[in-house]
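Listed after this line are the structures, all set down as structure tokens.
Next come two complexes, and both contain subunit A; in the first it sits with subunit B, in the second with subunit C.
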Partner chain A sequence: MSAVVERSGRPAAPGLPDRPRVGRVRSMVDLYLTEMRTAIAVQFQYRVANYFYMIGMVAEPVIYLVVWSSVARSQGGAVGGYTPGEFAAYYIVWTLVRNINIVFTPYGWEWRIQKGQLSGQLLRPIHPIHYDLGYFAGMKFVVLVLWLPIAAILSLAFHPTLQPSGLGIGVFFVALWGAYLIRSLNMWVLGMITFWTTRVSAIFELYMALELIFSGRLVPLTLLPGWAQGVANFLPFQWTFGFPINALVGKLSTTQLLEGLGMQALWIGIGATIIHFVWRAGIRRFSSVGN
Partner chain B sequence: MPEDHPVPGPADPAIRVVELRKTFVVPEREAGLKHAIRSLVRRRTRQVNAVDGISFDIAPGEVVGFLGPNGAGKTTTLKMLAGLLYPTGGGLTVLGATPSRREKDFLSRITLVMGNRNQLEWDIPAADSFELNRAIYRIPPQAFAETRDELVELLEVGDLVRKPVRNLSLGERMKVEIVGSLLHRPQVLFLDEPTIGLDVTMQKRIRAFVAEYNRRYGATVLLTSHYMADVVALCKRVIVIHHGRILFDGGLSGLSSRFAAYKTIGVTLDDPTIDLGAYGEVIHRDDQKITLRVPKLETSRITARLLSEQAVADLTIEDPPIEDVIETVFASGEDDERLPEREKVSE
Partner chain C sequence: MDRADPIAGRPTRGIRAAARLWWVFFRVGAMNELQYRVNFFLELFQSLVALATGLIALALVFQHTSSLAGWSKPELLAVMGVHVMMGGIIQTLVQPNMDRLAREVQQGTLDYALTKPRDSQLVISVREVRIWQTVNVLMGLIVLGWAVTQLQRGIGVVQALAFAGALVLGAVMIYCFWLVISTGAFWIVRMEEISELFQGVYQAGRWPVTVYPAGLRASLTFLVPVAFAVTVPAQALTHRLTERTLLVAFVFAAALFAFTRWFWRVGLRHYSGASA
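What follows is the complex of A and B.
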């Protein structure tokens, strides 16, 4: 135990013994695991509500799937390189990626500041982003368990066609968490606008509209006009939806798979850098105004 | 770890506040559509000096009551001490650290408990949230278990920590909140209305717990409360703040002797039907005893008159209840014409 215990480096106040602490790296792993366990416990409290929420969420991709399958059939069996079976695969994998992409939104930020929850988090010796990343990561394990029967029913109904490579499957599982991180960081950047205005919802709605079009959520990106695909290449959205989906559906070459992971790493780096600077300015603003 | 602030020695105060100020700029407008539209073009703001140059030291292990009416600046001061608010001016150190830097080491040594806010997860038992605090504060498992069990026993919440927090009553929730806030054994406790909304029994239990925590760990406690019983039970020293300025800083007994404008005389007469209205204001009467309120400076003279003119079986002289004294202190703050103008309007 002594190998993983350190002391604070500062003498204790008079009359109080200094207290040993768990080592920094081990404590961070411990924090994430504990947060994830907490999230799982909380989500299982609401398992029925969660299930209905997920079933409701399935409506969106099923509509896209039915529409695009019909278009494909009317155009001789494929559109933009996607057959009805590949559309089925795309939108069934979509349901998992969408659930993995659910993170703490700017609505939550408004609530967090108005209710004083952020003040409570600021009193703790750890950056609040770790709570969100750990907590929502834990939720995903519950989501996965609930998603499996839904995926099975959709597969029976729509007969998906997947041709993933071994590398594609591996990249998919990494890319899922890459997508989760990118979207978490993006939402944090948006949420931090709450430090300057308490009505960030309008900006959030604009983000959602852009994401719908340029991420592959509404439609696979290859079906968009060339100019729109060009715009999408300069935005982070496709790395949170289209890329992980296509990795598993089998639409990407080895080069594209590895480049995709690189792009995810780039956007994670950009998001983390923005958060680093905006957080410092935001927290200074928050500490000046108070709540 | 780099150190760019002095480490406190044994003789240093746990908390040092020097000419501390906090100013908020608050938007304001008159009611109505016309003013709403006008405010789009011409924004009117008011500068409010929430804390206006206060200074005090608190020694390690001291328990101090921080009193004042609503809006006096108590919570703002506590938030600055806990590092949640940047001061506008002046200086402060807590355990040798500058709170607004929010260094991890500093945050690991303090806690701020606010009676009207909770930090525990709503949907799961408090015991699970305690585990989260263990991870956050990097407490070794053995030390965590010892502290948790000790606090749970002191506050008698053994059964409560296994229930989801949402199923607990207000008082029960407050007790488990306090356990959660102290698992890292903070050396400085900022308690903001910890007994608010609780019944008398629960208030007493929390008071006894704070006193025991202070005794056992020598922790420094700064407490705000509207319940004077909290202050009387826990604090030898009080700091009274009003309009962001300190009106009084000293012993609780000194507060009465300095600010109480009257005393109460309890008289038991052989004939309890006699009217004592000529001696002072009769504020209470029962079968045996009459309680009079008399001006403090007149107490000796009136007592002598009573003893010489009436058949007195028993007589006691007491300071007024502390609530009345505090009311007097606040009223003196309102009337103090020396206070500078606190608010400036700018557009």
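What follows is the complex of A and C.
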């Protein structure tokens, strides 16, 4: 086994032998599975509360859908390349993507630092981001079960036209997790601002507004004016909303599908790099509050 | 017959007594919030961001069409103004009280409110006020003023009065709706997500309810009275309001208020308290 021993950049904790890589990967997988199982158990307990939350969330895409279907009909059947049926498909898939996109927010960070929760997490040997990634990933399985009936009702009400290619479906399922990772990492970066100021809400609101417009959450990006679409290409947002949705709705060519996955990988890399450096700087600034 | 307040010798029933009670709570609430002035700027900033996104959504729609369900751009701007303004009224006066009610039922501390020698529904409805939220009321008024100057047909005294009347009726209906739902807390206990749910559904009012398919429109009118709160006042400003609609609004508001009062008492009888 000694051949696979690789030393990490960090010195091992005193008193603990540096474990072989296989063991480390296994314990990491174990950590994720445990966090996911915990999330499923906890969230399933509060399924009524979760349902209320989801119904409140469904109002948003239904409003967009109704407004844009109405515009499409008044413009002779389609606007921005979308028919009412395709708008229906877009915004119904939207509801799933939105739920996948629920991650640990900067408000949670604020709470975590104010209550002194972070101090405890720092004592653990594994980077705290893994706990968040695991927990919220587990939540998605509960969300998915709760989402199915909502999707069925919306489909009966709005008659979506969904024409995905085989590749589109495959890319969709990968892209969902890509979107989840990108958004988790971005929110972590945003949340870490709490190391420097404890009032993040204003920055967060502004971020959310930009995301709303440039991600495809408000409208499919083809409905934006040309210059705004250009701006969107330099931002990570569309890879968390518009891209996975369009992969399933069937609006993308094979090249676009594969390029999209590449862009997701790029943004995951960027997010992880920023977190790496900001975390190191932030943790040095951090002085514990609470007990 | 009025029972006299043992200390001040003032009446404890009737509209004037209720107004005085509300004023006392309002002053305490305002003084409390005035300590946190930074919150005003945060609120202002958030309102501006929300307003900007609303205007962008409106601009996007009108980049692709010239009218939506028969409403022109300035008319929809008026709808948005009413929506923001009513949202501000709800967040200033209604939501904080209803959130507190839900919380207190869960924690059992509602008993403190119930033992007060005043009408319990009145007390739980006036205890909280968030004055910084009035930023949205002002913002809505500005949007509304801007919209009115762009309307083809100006507004006269009749429209202004109908608008004010419709607005008051709408606010009463939203209050009743929320109190009925919150009263459900006596049975269900956990009602924290109601605010989330309401915020989501209330967003539908940004557009005139005539845009929505029949089933949704009916729900947004009689189930969650967003139509009466936003669309009907906006109709008054855009010469769409018929006397019949206003009459229906009045009758429905009165009926809903009576039902709410009855339902609150039923809920109270069911409530056994948790702290004792």
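What to note about this one:
Methods note: the second predicted complex is superposed on the first by the 264 of 291 C-alpha atoms of A that agree within 3 Å, B and C clash if a C-alpha of one lies under 4 Å from a C-alpha of the other, contacts with A are read in each partner's own complex, and residues count from 1 in each chain.
Everything below uses one rule, namely that a residue touches a chain if its C-beta (ideal position, glycine included) is under 8 Å from a C-beta of that chain, and two chains touch if they have at least 3 such contacts.
None of these values were measured; they are calculated from a predicted model.
With both complexes placed on chain A, subunit A has more residues touched by B than by the other of subunit B and subunit C.
In the superposition on chain A, A:L156 makes contact with neither subunit B nor subunit C. Looking at the shared chain after the overlay, A:V25 reaches neither subunit B nor subunit C.
Of the two partner chains placed by the overlay, only subunit B lies in contact with A:E35; subunit C stays clear of it. In the three-chain superposition model, subunit A touches subunit B and subunit C at no common residue. Taken together, the subunit C residues at the contact with subunit A in this complex read 38, 42, 45-46, 49-50, 52-53, 56-57, 60-61, 63-65, 67-69, 190, 192-194, 196-201, 203-204, 206-207, 211-213, 216.
Listing the residues of subunit A that touch subunit C in their complex gives 48-49, 52-53, 55-60, 62-63, 66-68, 70-71, 74-75, 79-80, 157, 199, 201-202, 205-206, 209, 212-213, 218-219, 223-225. Per the touch definition, subunit B reaches subunit A in the complex via residues 1, 3, 7-10, 12, 14, 24, 60-61, 76, 79, 82-86, 95-96, 100, 102, 104-105, 107-112, 114, 117, 119, 121, 123-124, 128-129, 131-132, 134-140, 142-143, 164, 184-185, 187-188, 217-220. Residues 1, 5, 8-16, 19-24, 27, 30-31, 33-35, 37-38, 41-42, 45-46, 115-117, 119-120, 122-126, 284, 287-290 of subunit A touch subunit B in their complex.
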